[in-house]
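As written, the chains take the letters A, B, C, D, E, F, G and H, and residue 1 is the first residue of each chain.
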Amino acid sequence: MKETEITRAIVEEYTQNFLDALESDIVVVGAGPAGLTAAYYLAGAGLKTTIVEKKLSTGGGIWGGGTGHNVIVVEQTEILDEIGVRSHERDGLYTSGAVELAAALTYQAEQAGARVFNLTEVEDVVVKDGAVCGVVINSTAILMASLHVDPVCMGARKVIDATGHAAELIRMLRQREPDFLADGIGEGFMDVETAERGVVERAGEVYPGLYVAGMSVCTVYRLPRMGPIFGGMLESGRRVAELICAALGA
Amino acid sequence: MKETEITRAIVEEYTQNFLDALESDIVVVGAGPAGLTAAYYLAGAGLKTTIVEKKLSTGGGIWGGGTGHNVIVVEQTEILDEIGVRSHERDGLYTSGAVELAAALTYQAEQAGARVFNLTEVEDVVVKDGAVCGVVINSTAILMASLHVDPVCMGARKVIDATGHAAELIRMLRQREPDFLADGIGEGFMDVETAERGVVERAGEVYPGLYVAGMSVCTVYRLPRMGPIFGGMLESGRRVAELICAALGA
Amino acid sequence: MKETEITRAIVEEYTQNFLDALESDIVVVGAGPAGLTAAYYLAGAGLKTTIVEKKLSTGGGIWGGGTGHNVIVVEQTEILDEIGVRSHERDGLYTSGAVELAAALTYQAEQAGARVFNLTEVEDVVVKDGAVCGVVINSTAILMASLHVDPVCMGARKVIDATGHAAELIRMLRQREPDFLADGIGEGFMDVETAERGVVERAGEVYPGLYVAGMSVCTVYRLPRMGPIFGGMLESGRRVAELICAALGA
Amino acid sequence: MKETEITRAIVEEYTQNFLDALESDIVVVGAGPAGLTAAYYLAGAGLKTTIVEKKLSTGGGIWGGGTGHNVIVVEQTEILDEIGVRSHERDGLYTSGAVELAAALTYQAEQAGARVFNLTEVEDVVVKDGAVCGVVINSTAILMASLHVDPVCMGARKVIDATGHAAELIRMLRQREPDFLADGIGEGFMDVETAERGVVERAGEVYPGLYVAGMSVCTVYRLPRMGPIFGGMLESGRRVAELICAALGA
Amino acid sequence: MKETEITRAIVEEYTQNFLDALESDIVVVGAGPAGLTAAYYLAGAGLKTTIVEKKLSTGGGIWGGGTGHNVIVVEQTEILDEIGVRSHERDGLYTSGAVELAAALTYQAEQAGARVFNLTEVEDVVVKDGAVCGVVINSTAILMASLHVDPVCMGARKVIDATGHAAELIRMLRQREPDFLADGIGEGFMDVETAERGVVERAGEVYPGLYVAGMSVCTVYRLPRMGPIFGGMLESGRRVAELICAALGA
Amino acid sequence: MKETEITRAIVEEYTQNFLDALESDIVVVGAGPAGLTAAYYLAGAGLKTTIVEKKLSTGGGIWGGGTGHNVIVVEQTEILDEIGVRSHERDGLYTSGAVELAAALTYQAEQAGARVFNLTEVEDVVVKDGAVCGVVINSTAILMASLHVDPVCMGARKVIDATGHAAELIRMLRQREPDFLADGIGEGFMDVETAERGVVERAGEVYPGLYVAGMSVCTVYRLPRMGPIFGGMLESGRRVAELICAALGA
Amino acid sequence: MKETEITRAIVEEYTQNFLDALESDIVVVGAGPAGLTAAYYLAGAGLKTTIVEKKLSTGGGIWGGGTGHNVIVVEQTEILDEIGVRSHERDGLYTSGAVELAAALTYQAEQAGARVFNLTEVEDVVVKDGAVCGVVINSTAILMASLHVDPVCMGARKVIDATGHAAELIRMLRQREPDFLADGIGEGFMDVETAERGVVERAGEVYPGLYVAGMSVCTVYRLPRMGPIFGGMLESGRRVAELICAALGA
Amino acid sequence: MKETEITRAIVEEYTQNFLDALESDIVVVGAGPAGLTAAYYLAGAGLKTTIVEKKLSTGGGIWGGGTGHNVIVVEQTEILDEIGVRSHERDGLYTSGAVELAAALTYQAEQAGARVFNLTEVEDVVVKDGAVCGVVINSTAILMASLHVDPVCMGARKVIDATGHAAELIRMLRQREPDFLADGIGEGFMDVETAERGVVERAGEVYPGLYVAGMSVCTVYRLPRMGPIFGGMLESGRRVAELICAALGA
């Protein structure tokens, strides 16, 4: 019966992909602008890169632009040009379509070899010998439905917290290790210029095996928040990819 | 202040885009597989094509593959090849990554010149002289929040109902014109082969000015439903684009 | 890493089981008293028997006895004795522990070779050449979370609707084929004696390929409802198993 | 098509108003009794005054009077007389219609030149060089719908927190600067006489660039709360307007 | 104690107002654009006019303009000029601030002598000798809280259903008298020009004692709907006021 | 019209009762077993006694007995006998019908002259010169509906917190005066014998003007909790009444 | 341990009461004004009378008076006088305290020998030989929690539907027997005088074994509704008691 | 009437069981893997063992395996073999069906003489003379429905907290006795090997009369968490049973 053949093809291919991803070089948590950019460069460098995204769709906060006006702003177009996103100059800034950017980043990351597992939520991290070496994942649907079901695990050499303002993995670490980032975390008042610079400069490893990219950098280092300007996000993702490539010799 | 400059750039560009879209050649309602494919071909033929999508993200039911296994199946790869989506042969069927397909379709439709207005929901249709000539839209956020706020309008020469199983525009028409499709609507039991064929053959105009593409074709003609096989969806979108190009001489 | 080895063992074994179940002899929908009993006898007769249950746990309405007093009543103990459930005579009736019965029925059905897929919900039926030949299933969690995700399919030679009062598959058929059971369905006022007899006598095939067992028999034939007396349920399940064995020559 | 002309007129005019408000002299947050009164006097003094209100309607807590009895009480009628609200003497107090007061204050503030942006919520403040110089705003509908969408900004020379008991901007400042108002905030037990006097006397600047008016004064200085007596609210708004006019030389 | 004096003043004045309103000349249900305009002219003609509004605030759908852009459009400014609302010509249409219009209409209706009872919902109508002669009201808060509490009544010589699209009183009548408006009700597709004309021309008495004004006219006569253009609403309210004045000899 | 006469009679009588209660001798907050008993004895001693109850019905936790078995237990029947409630001896304890007790207590308190204002919730206390002298009340329906509406006040010479486990007034005081009951509050593990004795012995004044009765005594003094035994509750209410009569010379 | 002795006393007494009630003369469904009055007279006549009430408290709609003003109105005081409820003459009507009435009716019904099972909901009726002879009940808590738990039964010689507007038992019968009351049911517009008379005159048996009392009479015979006037309710309950006593020879 | 006979049989038997359980040797709280295993061995040793489970069904987290793949993993099969659960070797681990395990454990515990009270939730503990000697229980349905109803009690010589991650009884003790486990509780990052060993070794008495088994051991001793591996859970349950048998001389 064709219906069951289709079912078989889907389940077999997905399971093969999933089992293959159980031991990745890098697990990127969060498929927003920073996570997708990091994955694009990491996969492009030949590392086995897995992206875990809790929603059905990737793109994170890109889709809504500012208050739902689906346009975003950058100050330089280098990365946009590289991934094939059109932009327009407007009073010294560059604008692009938010939908186009979300789609292009996702498409290029997948084409580069990164594999997204959407509808998959990170519940916890695996820490061995003082270093993060994996994530504990569950089905988003199971969590949304508040069902009593255990999670499973994915292993990785390096993990990136690209979960945005929430800095979800950082918070999990801090809940169990009160001394970690003991001065507190949390983004500051909005100040675009300081934030755009800091989110790139401070991106990097914050705990053995765990890196931060994008808005979670602001949360960790108490940098100002920014609004619907995405240049820093993209560069922050690229910066983390460079650091990990250097660390892994890729 | 840089913060307000960014705000200004976003609001001005979005408003310009929106006002420009008030009189489109085609409004496609629903940015799922059929709607995006139709928009890709229509915009490629030089028609001013506007896509209205109620969610933040495009891609509709593609993202989840089958029961969340993010893989989809087609029987031919012609359109996938054209839009740059990789596929694998498996027992006579072809599988592709669901995330890659959702992103590629969106990216190619935007690149071809179609413009997506996401977070925008169609509340009603505009009918003049017995023909659909526009849609009544509201902000999805306003509707989700159940606020008492009036909608506005977008005009178009042709409108496509690519809203999937729901066939939302068809239902709006039937609610007001009980004689329209008087034998009833609603998709049938699952039968992939019949459905895949029918969804392409029966795609087309169902009311002056209004076309159906994708699963809404099944709903209108009581065809069987199908599962996570997307070949018919893509071809149904292409078929409607061809018919509209012919009708408008594009 | 041991964590990922465990993950691998679980996912591989489950997927193997699932793919194996894509073509079963019988799919039983609903793991309540009638469905489990039917599965116990069918698997015992050597047929490949798959049970689809939307909740996490099996047992259906057994667990709560009457208004939460976790005791159930039967009039004969033959089946209870066979599956190893203790009972006590009380004024001409026999009582058993509701928890013991739910556990024993599940355990014996699994031991006999039936395999339960819990957290799995039937969304639709597959009908070919006028006969039910499979079910369209989705993850309960996905449905509870109202996510936009397509279902997949399971094929079977015979399907049993053991979904209780709701008679869910019957309702799906009636929604698409208004002439099916045109006099209407729905259980009647409570009348234990009539119901206990009818639920056994009328159990059987109601549509090519589709059988009813348990309370869905009452719904189909407008028989009276009963309360927390479970003898008829068990016998109704056994009766359907006998009819299917006869039909399939098992 | 007339429908799209109307759409165009609305969107163009609103966008023009919004862009014009991106750099205001004063942003008043909250269109309750104190905020509207402050705006009425500020706009009357020729300052560009923008009111940001999260609800659809203005008037705040005025509409419900006391426990829904839509009557309010003042001890002097000077401001009521000025804005054209009728009042009645009753045992040494003056009563007015709550609906009349809410409407009159809004109408007079708008006529004086203040512009209300309703359905707009302040998410954060912009702080530069140690002073509040703007607010970070989002669409209330987007926030009510819990959508993942970034905010935008409005700049101002002075900002007034007229958000009532909640003192929302004060709380945002305190969350990021734990030393600000380190002795704690929160209104006290009800004591009308003390509160009515204090809410006027203590109204003013509490942080460079940020003023409090109305009930947020009680929250900041731990003054008693009051009930449905509105004289102090109105005078507190007028007092803040006077202080800002003096500060800005208007 | 001053606190209880304030309580006493509010409760006494409200109760006096409420008891006085128990026998009004006209009860207007709904304080949106049509209802407030009708009340303004009726009270101005010396009739005892009571407005019942279920929300806390008046103004209905005016506040949100179109999709939250708080601007509204009219084609003539006669009524706006009369009630003191500023307007701007834009391409042959006139725009006004939505907030200013909502406030001005409310203020002028109250000043003319109409009295609003907000937070008060109509549950039913009183019909005697075949004519509507009152409304059955309850506290909106009680209804929102789903409490089991009986309503009370208000009597009137004439009642106006100005409840907008919902046409709530019309629906109550139809539920009990299936023959009333037997051809069905419900507004049609959007068509501004036809709707703007019809909503004024067809405004009037639809059942002995019961008049419709504003969008409920469209619902009753199956006229097209309109969007955020409010001229017809205002004129429809004025038209009903004229008809009632004529009927009552006021 | 009879309907409005009924309305008038109800509103006038209620308002008269309410205004009369604005200055009571005692306000009892909570119409559970302790509050009703206190009110019964206080009103019986000639004091003007007002009971404020947030639910529609009085009786508090009496109705459900233990886990919904509507029977309660006491160790002595003196108060039950006095208010006319039947009881049965069972193994050294006395049982009574929960429904009968709830009704009898309410009936006797009203007959003794206490007046219940149900559907009325205490939001805050009025404190002057260091003593509680009134309560700030709102409509429960308004609070349940989360409407933005101000409360009003009731004055009293003495106030009783008979709100049960929650000790609501105590918590309000502690929130504003952190030094009050600085060692913390909260009931202890269940221990019926200790609790039954303590709830009577420790009942009394805890803050100038504020008394506790019933379970709020356990909360204040960290006494053990008890289950569905109500003798201590009744005696605790009587004890507080005696203390207040002594204090007020009644 | 005293704690378990109390538990034992409660559970034993309740179970004894419950088992005793399994075969009653009359089951009254609904403990509102009509149901309690009927039970008071039936029990007073020596019949074994069981009241089933789904809420925790009895009294139904009495507690809230009119829109929460807790006063009710009657036109004659005969029954009030009999059950010991005080009333006041006001303009030809009589007012009583709603709380006092709810408590007194409950107390007198229990004293007369009727037994209330609260928190108990009727799910269905038992019909044998064409006559209602029992009710199918479940725990309200189980139904509120949407748990999958079977109900149990109570038998009776006569059953009274005193469930108010909802006429719940009548609706259950009609759902299964479409010919019963084929002209439809539902109360009419408010008209106090007609309703007060009809609710008494038409009270009685509507189906073998099933009687209606109170507002369910209006629903069955499409009589007008009434507001917070309770004389007819009480008399309707007494009337049904008289008819049943006559039928049963009590 | 048969219906009431069935009701009587159920209620009588349940009540007898419940009263008999009021004084147990052991109350096990939580019918998950650890609790059921403990109960199986305790009852097997002849101790009167009562299991209290808040859900309708037993089995806890077993049913869902890992992320809903209903397979579980153990490292040794000794206990599985003893209770009759089939297992398969897979790369050095053993897998079993989750449904089979949940059913078998429940069935064997009941057969051994333990009695489950499902739909029953522990609200608090009874502590006398410094030792836990019982639990305070309520109906889960009542708690889910947020009804104001008192609990009852069950006494026991020893109580086991087998409530999993939540360690519910431990938390109740800590809330009242801040010095208990003063260094804090909470499970650690996932580390299967350490956790599997620790959950067995540290199982035991943590407070006089109170034991922990299963995941609550991890929570108490801050051990790592584990995923869907159940060997440690079963052994932890067995270990606690051995310790209690030793303590009670059974």
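Quick notes on this structure:
Note that a contact is a pair of C-beta atoms (placed from the backbone, for glycine too) under 8 Å apart; a residue touches a chain by one contact, two chains touch by 3 or more.
All values reported here derive from a predicted model rather than from experimental measurement.
Under the touch definition stated at the top, chain A and chain E share these contacting partners: B, D. With steps allowed only between chains in touch, the distance from chain C over to chain E comes to 2. When chain centres are set by their Cα atoms, the one at the greatest distance from chain C is D.
Of all chains, E has its CA centroid at the greatest distance from the CA centroid of chain H.
Although chain G and chain H carry the same sequence, what matters here is overlap: shared residue numbers make up over half of all numbers found at their interface.
Look at where the CA atoms of chain D average out and do the same for chain G: the two points lie 52 Å apart. Taking each chain's centre as the average of its CA atoms, chain E and chain G sit 39 Å apart. Centre to centre, using the average C-alpha position, chain C and chain H are separated by 29 Å. Centroids of chain C and chain D (each the mean of its C-alpha atoms) stand 62 Å apart. For chain F, the set of residues touching two or more other chains reads 3, 6-8, 10-12, 15, 56, 63-66, 68-69, 119, 126, 128, 139, 141-142, 147-149, 152-153, 190, 227-228. Contacting chain pairs (ordered by label): A-B, A-C, A-D, A-H, B-C, B-D, B-E, C-G, C-H, D-E, D-F, E-F, E-G, F-G, F-H, G-H. Of all the residues in chain D, the ones that touch chain E in their complex are 2-3, 5-15, 17, 56-59, 63-66, 68-73, 84, 86, 88, 90-93, 95, 97, 99-100, 102-104, 106-107, 110-111, 115-119, 139, 141, 190, 192-193, 227-229. Within the complex formed with chain F, the chain D residues making contact are 60-61, 63-69, 186, 188-191, 225, 227-228.
Of all residues in chain F, only 1, 3-4, 6-8, 10-12, 15, 18-19, 22-23, 56, 119, 126, 128, 133-134, 139-142, 144-145, 147-149, 152-155 touch chain E in the complex they form.
The touching residues of chain D, counted against chain A in their complex, run 124-128, 136-139, 142, 147-153, 175-176.
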